[in-house]
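These notes concern the structure reproduced below.
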Amino acid sequence: MIDVLYFAWVRERIGAPKDRVETQAATVADLVAELRAREERYEVAFSDLSALRVAVDQELTDFDAPLAGAREVAFFPPMTGG
Amino acid sequence: MIDVLYFAWVRERIGAPKDRVETQAATVADLVAELRAREERYEVAFSDLSALRVAVDQELTDFDAPLAGAREVAFFPPMTGG
Amino acid sequence: MSVRVQAESFDLGAEASRFASGRTDAGAIVTFSGVVRADGGLIEMEIEHYPGMTESAIGAIREEAVARWSLADALVIHRHGRMEPGELIMMVATAARHRGDAFAAAEFLMDYLKSRAPFWKKERRGDGDGWVAAKVEDEAALQRW
Amino acid sequence: MSVRVQAESFDLGAEASRFASGRTDAGAIVTFSGVVRADGGLIEMEIEHYPGMTESAIGAIREEAVARWSLADALVIHRHGRMEPGELIMMVATAARHRGDAFAAAEFLMDYLKSRAPFWKKERRGDGDGWVAAKVEDEAALQRW
């Protein structure tokens, strides 16, 4: 089981801040493919990966990153701090 | 009559913060030559012009600057503000 | 505490005074403060963040700045939640022996906070809400470090 | 008063607060403060200045910064006279729409104050007094503007 978190407009499009997902996905990209297959709102949220960033266990990474051992994956748009 | 002001170690070497000088010097360099001829302490203070800066009427300038109409000339080492 | 992520407002003057006080090792202290601008009829800004990751990401950025410029100290305060035009969003402060290091480290911290700390700004205006888009130039600013 | 030359100490926190307060036009506020370092057994620093020229030189530098970076505001406070390690010597503050301008203007002000404002620092140590020599790198820093 992995916690999947969504922030900003990703959260709004999916309509929830978090899912708990049972998955055998090997990489972030595999997890994204599983999520997109779920429902229209996931398909919409993940339609343009270039507009998204991902963190695995609270570390920024990319969509090729392996998920072995991961507890938490988060998807969000480019950050706008400061 | 021109007020000639000295700051920092120039003031210390000359032993006074200010002179009032009757001069026909056309340029700052001419004034320096007159001052150097006065006394040993002036000769020492002005021995290395590359170590000095000059302001005429409170504006930084150089040793070629004309003195026509000037009321105040100041000599000092490179500034160390901030 | 050198990194604070909080909903509450903070007092720039008090923070700057505390940060600067009693330093005899660092001759140069730089602060940067970000303020909500009243551009284009902005009513309110709301900042979302990623609890847990926010603190660790900022902590890592701060450590890197301290190591890279031999800082005597560095402080980062960043708010989340709602704030109105004129309110302070965040501040950084750096202390170093010389001004070049204090300035460079503060700019580095700002560039990284802009694009690498998990905050997202939403603007509320008379004509609706909208997420602030990341700026190409903010991402580009990271290249200089 | 945007330029102050004074013997009295000043309160960084109060100055920074006052400078930043009520701004809805400038999103970025930078302050720089210079502190007397306790290097090499320094007992006291004494700063001599050129009354009259100091104010006009700093005023001109400030005006140039405001024009060049479209600053919403800029403040310079510089002390003269005697001060001990840990005391504040001076500060600058800049307010601009964006951080790049606020940082650049503050660095510009500092570079010019270092080498073009008529102040001279004398250090008093256990083993005697000495005038601080201007640094080649401070003069060189002016070239970038």
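Which chain is which? They are A, B, C and D, in the order written, and residues in each are numbered from 1.
Just so it is clear, contacts are C-beta pairs under 8 Å (C-beta built on N, C-alpha and C of every residue); 3 or more make two chains touch, one makes a residue touch a chain.
Given the structure is predicted, the values throughout are model-derived calculations rather than measurements.
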Hey, what chains does subunit A share as contacts with subunit C? none
Most remote chain relative to subunit C, going by C-alpha centroids? B
What whole-Å value do you get for the distance between subunit B and subunit D if each is reduced to the mean of its CA atoms? 26
Approximate Å spacing (C-alpha centroids) for the pair subunit B, subunit C: 48
Length of the line joining the C-alpha centres of subunit C and subunit D, rounded to whole Å: 23
For subunit B, residue numbers touching 2 or more other chains are 82
Hey, what residues on subunit C touch two or more of the other chains? 34, 99, 110
Among all the chains shown, which pairs meet the touch rule set out at the top? A-C, B-D, C-D
Sort out for me which residues of subunit B touch subunit D in the complex. 5, 7-9, 11, 55, 58-60, 74, 76-82
Could you please specify the touching residues of subunit D with respect to subunit C in the complex? 11-18, 20, 22-38, 85-86, 88, 97, 99, 102-103, 106-107, 110
Complex interface listing, subunit C residues touching subunit A: 34, 48, 50, 52-53, 56-57, 78, 89-90, 110, 113-122, 131-134, 138-139
